[in-house]
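Residue numbering begins at 1 within each chain, and the chains themselves are lettered A, B and C in the order written.
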Amino acid sequence: MDIKLLHGILNPQMVASDTATLTRFSVDGLVPEAVVYPANLSQVSEVIKLANREKWAVTPWGSGTKIGIGGAPKRLDLVLCAARLDKIIDIDVANLTVTAQAGVKLGDLQDLLGGAENRCFFPLEGDLKSQADYMCSARDYKGVFLPLDPPFPDKATLGGIIATNSTGPKRLRYGMPRDLILGVRYVSPTGEIIGMGGKTVKNVSGYDVSKIMIGSLGTLGIIGDITLRLLPLPEQIATILASFKELTAATAFAKRVLNSKLLPTSLEVLNRDGYSLSSSSDLRPSIGGWYVAVGLEGFSEEVKREIIDLKDMAHFEKAIDVVELGRDSTIVFWKNLANCALTLPKDGATMVKFKAGFLISNFPEVLEAWTNILSNDFCALTASAGLGLACAYIMVKTDTDIESAVRLGKAFRETVKIYGGNMVVEFAPATLKQKLDQWGSPQADFVLMRRIKDSVDPLNVLNPGRFLGGI
Amino acid sequence: MNIVQLKKLQYEEVAKCTRCGFCLPNCPTYAVRRNEASTPRGRNAITRAIIEGRLELSDDLAEAIFTCLGCGACTKACFPAVNTKDSVFSDRACLTEVHANPKIFEKLSEALNEYHNISEDDNEDRAEWQEYLKDVPGEFIEKDHAEIVYFVGCVASFFPMAQKIPADFATIMYHAGLDFTILGGEEWCCGFPLIGAGMPEKVAELKAHNLEKIKRVGAKKAVFSCPSCLHTWKHLYDTDIELLHSSQLLRDLVGQNKLDLKPVELKVTYHDPCDLGRNTGVFEEPREVIKSIPGIEFVELPNNRNMSVCCGGGGNVEMVAPDLSAAIAQRKIEEILSTETKTVISSCQQCLRTIVTNARRQNIELNAMDLTQLVLKSLSQK
Amino acid sequence: MEIDALRQRLKEIVGQDFVLSSNVDLMLYGYDAYLEMRRPDVVVIPENTEQVSQVVRLAYEEAVPVTARGSATSLSGGPVPLKGGIVIHFSRMNRILEIDVVNKRARVEPGVITLDLQTAVAKKGLQYAPDPASQKTSTMGGNVGENSGGPHCLKYGVTTNHIMGLKIVLYDGEVVDTGGKAPDRPGYDLTGLLVGSEGTLGIVTEITVRLIEQPEAIKTLLGIFETIEDASNTVSAIIAEGIVPATLEMMDRLVIRAVEESVHAGYPQDAEAVLIIELDGLKDGMERIADRIIEICLANKVREVKVAKDETERNILWTGRRGAFGAVSRLRPNYMVCDGTVPRTKLPEVLRRVTEIGREYNLPIGNVFHAGDGNLHPLILFDCRNEEETARVREAGTKILRLCVDAGGTISGEHGIGLEKLHEMSFIFSPDDIAALWKLKNAFDPVGGFNPGKVLPSLAS
């Protein structure tokens, strides 16, 4: 690679080619020849156009929390890091939207949004000042938030979250990136700056391109900035934790919650190791094999009533212990769970994460089957009961560990298939990825995905080989 | 009718159609045929295209235009309330003018001209139903002068399946002490079938005859057991005498305690005939009569009153597309059965005839009764 | 292939009775609820996916365009066969294939009427949330094609947020499934791209939707206002307050009057604007939030706030809202509805300028719209038989869309681009953007056979 070509379009501090940096930005053991840090979309566009001319393979990079997702790259010449694309363009509290660049970290954004004053709309008539005063002072709470709670909420970038369709337990109530995204500006694989959508909450003008950008792992474009829906911060938050002796009791409780009129924000069923990820000591120790965590957010009356009902339901299903977490413990509990992949690995071990989606109704069967085929010492299982999602976290250190993890992954995948689902490998060392397909086999609609990729990225510049079916 | 007249009469009406499609789920013909030509929106579009010279009057149009039931359900579902039925009937008149109408209607017209009834029987046989009378002396039925004329209608006069209805109604009126008569052989068809056949101008002679006869009797009221006769009289006959449906008369008798109603243990539902309900506005009277009978358990049809679905017997569709008419009747029967009743009450001989004929054809156990029959049943209980 | 031979081949596929080609039929399949009309060469009414696949394959072999059609309630010309060819009418593919209560999913054919699905799932305590005003006649296939909205989309999201998977027939007749009942299938979100693509990417023959629990409680309020500004300020204020109701719908005086004449929904005829505000969810706290909304209304000079006492009163309020488009045609035979959408904070200003445009062009404009979403629907009333007036209406419509775009909004919130707003696409998309959309179109439909002439303006223009 001729680095000078990059210097022709970016100033020197935006291009790195020292060994330390390059090693840090290696993907599945493949080391790039340069890393660039463009500061705006025009620069991204220039870089991508250059990459097309030079037939370089480019991998986009946010903060690297999810770089383990996807297959090992077929080629890697350049990493495009979004670190400098870190501007928050517009927070429109009254319209409940935010527009920010891809490199903005979710944690930073949430902090800002949480403290955001309620900037009022501007009335047409009347005493503008007094009306505005009225609107703001009448609220007894303030702030808004982006209702996304993916893993690593502090470090993860917006671009990375969108590109990997990363979601967390709160998806039960608030949906996923596809439900929140209103607009996106991105640089196409051939270098054009493309803008779709905007600040309106409804939009059917043209194709809904943002949908295929979500979860496309940077294979269809480099996300530049994103407009998302916000929600007012909930008046009250709480969590109900319950422990059960048997899986059947835990799942019976979860089903009871799902079939009620209650509107929990999250509903996670955890095994003992899964519960340990939260580092919570709220439940009396060692008394149950299975745990259920129910997140609650809303108006204070709603949360109060939900707590009462949930306790009743848990006791009805013979919970061993039921506790209620207040605001602060709630925040800590869910944050620990979200960050577990960073905090947990010890003694040089690496975390392997399998993530499966299947029919909601089958979550008890999936959990039971997975439990029965567990072989590793440590295996944390977490299942979003109302969504049909389950994750398994295991530790690998030696070759034997990896062999065993591969067997486990294959067995998990087979199980999930029975329940109409699929499993992906979200985090794993490159050696494991060689033995276990990250995505599973594509289906008949893959023909369309291939055609889309070929149509927008004819030279296969963006992230070659990392996506489903080798895209 | 020619296109100039059609434009004058119907252009503003069909121009109100914004093609929103809200009428589609309400049209029984669309439910069966599943094509645009069988929608009120489509029929309005045809009328408009004829007026604007985009469609020629030809046999091509007959299928869409002559399969409208004239039930009027579309207009009730239509926010600008486009009167599709009248536009379609005007289209039929235009098609008739250029001889693009179904030939069967020419025969109908000839028959009415010759026999003055729709069944090509000797019109003197109109009183045949009197054979069903048991304890009513003939002189109470045919008088020279009376306060009320009972206009029996062709279906009840000539179709064996319906002939009990006038007999029962006459019996009720006799026992209630009413002064009434029929016109017998001097009753001519009211002309209703000619409107659906696209020959409105041919109604004139029938109308003049009937008005003349009723005047001679000196009646203050005319009562009809056929909603379509009533509807025709109300809209096309210019007369000062009071026009009533049998259900309205029965309701009055119930109100005046002139009927000794005795318990009938029966679960029934009620089918609103299009020409009585939606098109004349008589919904509550038949219900009040039914509910006044002790022992009756009454359930509404899922689609009732203004939303009542045609039985398939409207708009002369039976004559040009018997399969369509039968399929619509079948849906009506299914709707009735969905209420878990075995008895449907109506107040229209044509509806009853359509429902019963199709139920029998399918071997479906369903009892269909006219309101008058139900009342007489109640009166006759011990 | 000669047209007669094509019709014959189609008859072999779907049966004699379900191929229409008379002069009348071709006229009848040339329109929707928009103004333009075109004639197809032939209409087919298939019964299953296999037949659709064969029809599309034949069309591909013979290079004939294919346009899908449901109840043709589209307001932007979506099902109008611009380049002739075959129209596929889905009226017979109207079966609800499965209601999976445990997984909260339903599978339906595209010809299923939206309300029929809603009624069927309601019997099982569930709901399908999107509720376009035309729900009693619109089809699910049409909803998917246009990504339909509706009043309750303020809280629950539009059609796309509720579609889990599709069965589609590709340009060459191949049939594939996208998405499915289970979440997060790896790969591109093809379902998300197909929803709202107006039949230009593929023909949908089966739809898997997400169902949700019916809310425990519902509260419906009617705010009656003396000026439209007060009403739109109230909308912005409720959202800014951090309350996201299930619906926030507005109607102005002209529409109120037309609706009252039509259905007697109980809207006061002398009011300048009414707001229908509906809350749903848990019953706990709902009273307090409703009181808070009433306070906001009062602060914005509401004349009166009525609360629907029961389901009947609630239904009457909604019947009026749903029939509003139709009702205005009591005043003039035609209306053009501008589906422009703006950030919610811009609502008061944009509404005022819409009124000015009405005055400027001397055209009556009524407003009935999803205020909480910022989705305007100015209804410009006219008579399309008057060509001069129609031309003025088109100009005013374009100006209103321009206004929405200038306010940071877009040209269509829920009715689609169709052939109506092709020209206005350049207001919001650069040539590069349009080219990017074409690349997607070409990936799905390299021969350009599906609903040609819709959504995407040609690259040259």
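Everything below uses one rule, namely that a residue touches a chain if its C-beta (ideal position, glycine included) is under 8 Å from a C-beta of that chain, and two chains touch if they have at least 3 such contacts.
What you see is a predicted model; the values in this text were computed from it and never measured.
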(request) Go through the assembly and pull out the chains touching chain A as well as chain B. (result) C
(request) Would you indicate which pair of chains has the most C-beta pairs in contact? (result) A-C
(request) Report the chain closest to the protein's overall CA mean, measuring from each chain's own CA mean. (result) C
(request) Report, in whole Å, the distance between the mean C-alpha point of chain A and the mean C-alpha point of chain B. (result) 66
(request) Averaged over CA atoms, how far is the centre of chain A from the centre of chain C? Could you give it in whole Å? (result) 31
(request) Mind checking the centre-to-centre distance between chain B and chain C? Centres are C-alpha means, answer in whole Å. (result) 39
(request) Would you tell me which residues of chain C are touching chain B in their complex? (result) 20, 22-25, 27-29, 31-33, 43, 45, 71-73, 89, 91-92, 113, 115, 134, 136-138, 262-263, 323-327, 329-330, 333-335, 383, 385
(request) Please give the residue numbers of chain B that touch chain C in the complex, ascending. (result) 12, 15-25, 30, 34-37, 42, 45-46, 49, 54-55, 58, 60-61, 63-64, 78-81
(request) Could you please specify the touching residues of chain A with respect to chain C in the complex? (result) 92-97, 118, 120-125, 131, 134-135, 138-139, 141, 144, 165, 175, 178-179, 188, 192-209, 211-212, 214-216, 220, 231-233, 259, 261-263, 298-302, 304-306, 355, 357-361, 387-389, 419-422, 424, 439-440, 442-449, 451-452, 454-456, 467-469
(request) Mind listing the chain C positions that touch chain A in their complex? (result) 100, 102-104, 146-147, 149, 153-154, 157-158, 160-161, 170, 174, 176-178, 180-193, 195-197, 201, 213, 215-216, 227, 229, 232-233, 236-237, 239-244, 281-282, 284-285, 288-289, 295, 299, 341-345, 348-349, 352, 370, 373-375, 408-417, 421, 425, 428-430, 432-433, 435-437, 439-444, 455-456
